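Chains: A, B and C, in written order; residue numbering restarts at 1 for each.
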Amino acid sequence: MNEKLLNMSSSPHVRHRLTTGAVMTDVTLALLPAAVFGIYRYGIHAFLILLISVASAVVTEFLYDMAAKKPLTIKDGSAVVTGLLLGLSLSPAVPLYLPCLGSVFAILFVKCFFGGLGKNFMNPALTGRCFLLISFGSAMTNFSVDGVSSATPLAALRAGEAVNLSQTVLGYTTGVIGGSAIALLIGGIFLLITGGITFEIPAAFIASFAVFMGLFGDQGFDPSSLLLHICGGGVLMGAFFMATDPVTSPVTSRGQLLYGAVTGILSGLFRVYGSSADSVSYAIIIANMTVPFIDKISVPKPLGYRSISGKPQFPKAAVNLTIITLCAGLALSSVYLLTKDKIEEQKLAANAASYKEVCPDVESFVSDDAINTKIEALGDGIYDEKFGKTFINNVVVGKDAADTTVGYVISVSSGDGYDGTITLSVGLDTEGTVLGISFTELHETAGMGMLCGEDAFRSQFTGVNTDAFILNKAGGSTADNEIDSVSGASTSSGAVVNAVNTALAFYASSIR
Amino acid sequence: MNKYAERIYNGVVKENPSLILMLGMCPTLAVTTSAVNGIGMGLSTLAVLIFSNLIISFMRKIIPDQVRLPAYIVIVASLVTVVDLLLQAYAPDLYAALGIYIPLIVVNCIILGRAEAYANKVEPGLALFDGLGMGLGFTIALTLIGMIRELLGSGKLFGFSILPDSVSPIAIFVKAPGAFLVIALIIAVMNALHIKNNSADLVKGCDGCCNHCSKSGCQNEYKEDKPV
Amino acid sequence: MSHKTFRGGVHPAGHKDLSKNCPVEEFLPKGELVFPINQHIGKPAKPIVKKGDPILAGQLIAEADGFVSANIVCSCSGKVKAIEERHTVNGGRAMCIVIENDGLFTPALGIGIERDDTSMTGPQILDAIKKAGIVGLGGAGFPTHVKLAPRNPEQIDFVIANGSECEPYITCDDQLMRTQSSGIVEGMRLVLRLFPNARGVIAIEDNKPEAIAAMTSACASDSNISVLEVKAKYPEGGERNLIGVVTGRQLRFGQLPADLGCVVCNVSSLNAIYRAVCKSEPLMSRLFTVSGDAVAHPHTMEVRIGTSCRELLEAAGGIKPDCTAKKILCGGPMMGIAMSTLDVPIAKNNNALTVLAEDEVELAEEQMTACLRCGRCGHVCPIGLVPQMMAEAAERKDYERYEKKLYGLDCIACGSCTYICPAKRPLMQLFKQTKAVIMAAKRK
């Protein structure tokens, strides 16, 4: 035996056969049921989305490692997991460049730029998803399959419609590719059994989410709607696959319990009070940022320092943090409830100012019961599809000193603005001529859509008597009822024109 | 090159206020939603910078040392108000677009930083060209960032649609996160090409953590010309 | 019935079948015997012989120097060949007494005489133990007569015999318990004589049913001694975990078991105590397992202290044909030391030679990735530390946090964390280095 060839290294000299690659493979396997179901339900396009998502992630990491002259890391399988998670969280109707861009962003910006595996501070797949949500808002919330668009179970729940719970659990309702609750649950249990994840984060997440929804949600502790909330909206995927990402979650058991609770509470908070389509994604990435702090306060007491009963001491700091988070949630909701009315008042006051602006020679504004009845008859629905998403809010009648009607102010909103809702007041005289328009809600892009609020644009409407205005995108209008679009802001301009037309239509049908 | 040209080169390349000195980040990131906005802001700051540097340099022997900061602020605030009124009168669209960031030019770190670090020490000619260089550098940086954000985020360049309608732009770039991403990428590219602030290697002790100016307006002793 | 155990621990493959059922043979060495003077914790012993002196088996050749030190007794007869520096099993060099072996093993006068221990007092028992040069034979090598003389003997209420043997491959304690159960129990009785308020507990892992049966019947007649079956897990045999499982008390770094009212002895040490006191046999031989998947005839032998490892490997049949040894360990695979040469002597506290044909660490080095923060290391640590945080602090050289906030010095170097880590991080190496740096700084 040649002793010169003996290996020398530090103890221990044996190793468990589990490797990083094996851990990642387990997670990929656990995601397969959801992926298979998504492909089965949504067809080839969904398969392509998943494929492109995974391929972009792997290729990006490979290219970065080559360019930055670092050792190749794609064989540890973490890029595949990120790509697959991102792909599963997308709607099956997104164009294919979306998963590509999302994966590139997730791997390059969130993982590689911070040092690669183990060094990212936010979940890459979720950050990629949030990047896509902010960048391509309409594409990401479009769930129409084969041209049929329907509401997701959560949107339906919010609108007060009935939702079929068993369909949702199985995954036959509208949603993202990896939306099948049962498939995700199977994957999650597989991971728990094989030791890929531990129970603390999913249990704490789902439990605290359910409690929060019960306390603050619209339906309270009703079991079927709680179950619906848990099965929809990415809670299961978040609880078992996203929040449990080892790199961005705490290391110790007690830390993980706290983190799960924080994530659950934040998810509930965003779902009840937030207006974004996605609550769980933002909740998890915000909770990711609390992880270094949670780690710091949750170092367990080792053998020799524990209290005599043998059980670890009560994690005071962790409990305090949970209480603080709960109090913050309570405080936020209380302040919201308290200021709701006052904010309404302020809006009304702003409205009054705007009414005066569009209907100048008026002594007072009164409301007319007949007209109000007609507005109530419209319900909460849009006025007419041809105007897009417009709603009649309110009509007041302008009376002069002698109490004769001199004009009307119709407050109308359009949800088709580039950056949210546009609300304006349209002043009409007794003949239906537009006296002027004035905005009470305009949050468009500075320098573009905001220019709709300028006199240059608004004055085009003044003094015109027509049934409907027409938007001229190219400019150079000749007829009275042609409106030049604000250069570069045709969406905003179009929304405004539609809103005015809605007001005119309502006037023609209900006031004249 | 002669000393005046050197000032221009310094302001545009070697010590670009946005990309190397990292001054005035707030207006940089907030205003550059389009190239035109970037140019507008840059030129407004340039105007203020040239005149403030010039005036402060002329008055450097008169301004008492203990009240130099209040004095600078009075001078700069007056200049900014002048610019504000001129914009309001002759360029109302730009005025509406830049909004609140015009009055904020008063506390833009570049103005006060250059006044403190440079203009109050040199003769007016050099101060003038320094202001010119810094202002040009700022304008170029802002225009560059604005162009990238506008192109990626709304598919336009200088107001003209570049991307075809079928390709939707990546909206995040005209919002706040996009601003950070774009400037980070530009600085990363510059680092990769080795155009960075080499004086960082010389300074001992100061790690640039003070938010106000990183190094050019530093009040304490950790200046690069004074070995610690 | 679920057996008592501690939180954490790992289950490496045992491989005990290779040697546990082979009968124990006595092995008498042919070559020279080498005795390092520092084969115990404490000050090295002082040689009392010189070159050329004739020596008999059982003769004292080095004396304990100071309070915490131990005698060294020669285990063969012959002549002192030299007193010089030689390599030792852990790769270092130490002053050694080299004895030329005449092959006769002539015992010195007085060796082997039966003694009636009932007439001996406590101090006399301790003296006999000290004379015999007995140290902790489980691997620590702490001088036994010092361990058995704590400040307050009346406060000791547990004497624990460590029969766990949790390391893979090693079966010498198991086989000793099966064949010499009465000797071990006698040794326990002698120790209990020193501690009037104590009771004896023999802790044995549940994967050694024959040993449990043998020991149970051996101590059946004594109501003060009992056998406790504990769950087979690594590192059950660690002192701190054993005390925790048997008594429920928690030992921390810097404390001795005696501070908690416990005395822990390996079963081999107890057997040696019995032979020293009742048979006047100083520590000359011990059971030793030569095992490993590259060894032709793995088994346990009774070997003389000071035998060269090369002779021992040959006694076990050498390397298997068409098999190459990649790694040779003194000890077991979890805490053993990799050896660079076989020409080193075994010391009193060495209990095994393990020869491996595959080096799993080699494979692990190729599979290493960045730390995943998966937390498995924290789950398996028997002390309840968080190796992930310790490694982070150690790599940043944040020794303050390592010691004070993360209790890093409490690490017992069992290697469980490094064993389980999926990213194959070299945690144990890092912790050993860090502990050395911190302790060196403390000594200054």
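Everything that follows uses one rule, which is that contacts are C-beta pairs under 8 Å (C-beta built on N, C-alpha and C of every residue); 3 or more make two chains touch, one makes a residue touch a chain.
From a predicted model like this one, the values you see are computed outputs, not experimental measurements.
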Would you identify the chain whose Cα-based centre sits farthest away from the centre of chain C?
-> B
Chain with Cα centroid nearest the overall Cα mean is chain A
How many angstrom lie between the CA centroids of chain A and chain C, rounded to a whole number?
-> 62
Just curious, how far off is chain B from chain A if you go by their C-alpha centres, in Å?
-> 35
Chain B and chain C, separation of their C-alpha mean positions in angstrom | 71
For chain B, which residues are shared contacts with two or more other chains?
-> none
Enumerate the contact residues on chain B facing chain A in the complex.
-> 33-34, 36-37, 93, 96-97, 99, 154, 156, 159, 161, 168, 170-175, 177, 181
In the complex, go through chain A and note every residue touching chain C.
-> 1, 3, 5-16, 18-23, 73, 76, 115-119, 198, 246-247, 249-253, 256, 295, 299-306, 310, 312
So in the complex, which bits of chain A are touching chain B?
-> 101, 109, 131, 134-137, 139, 445-448, 450-451, 454, 487-488
Counting only contacts in the complex, chain C reaches chain A at residues 6, 10, 12-13, 168, 240-241, 244, 248, 250-253, 255, 319, 324-329, 333-342, 356, 359-364, 367, 369-375, 378-379, 381-386, 388-389, 405-407, 410, 413, 415, 418-424, 426, 428-429, 432
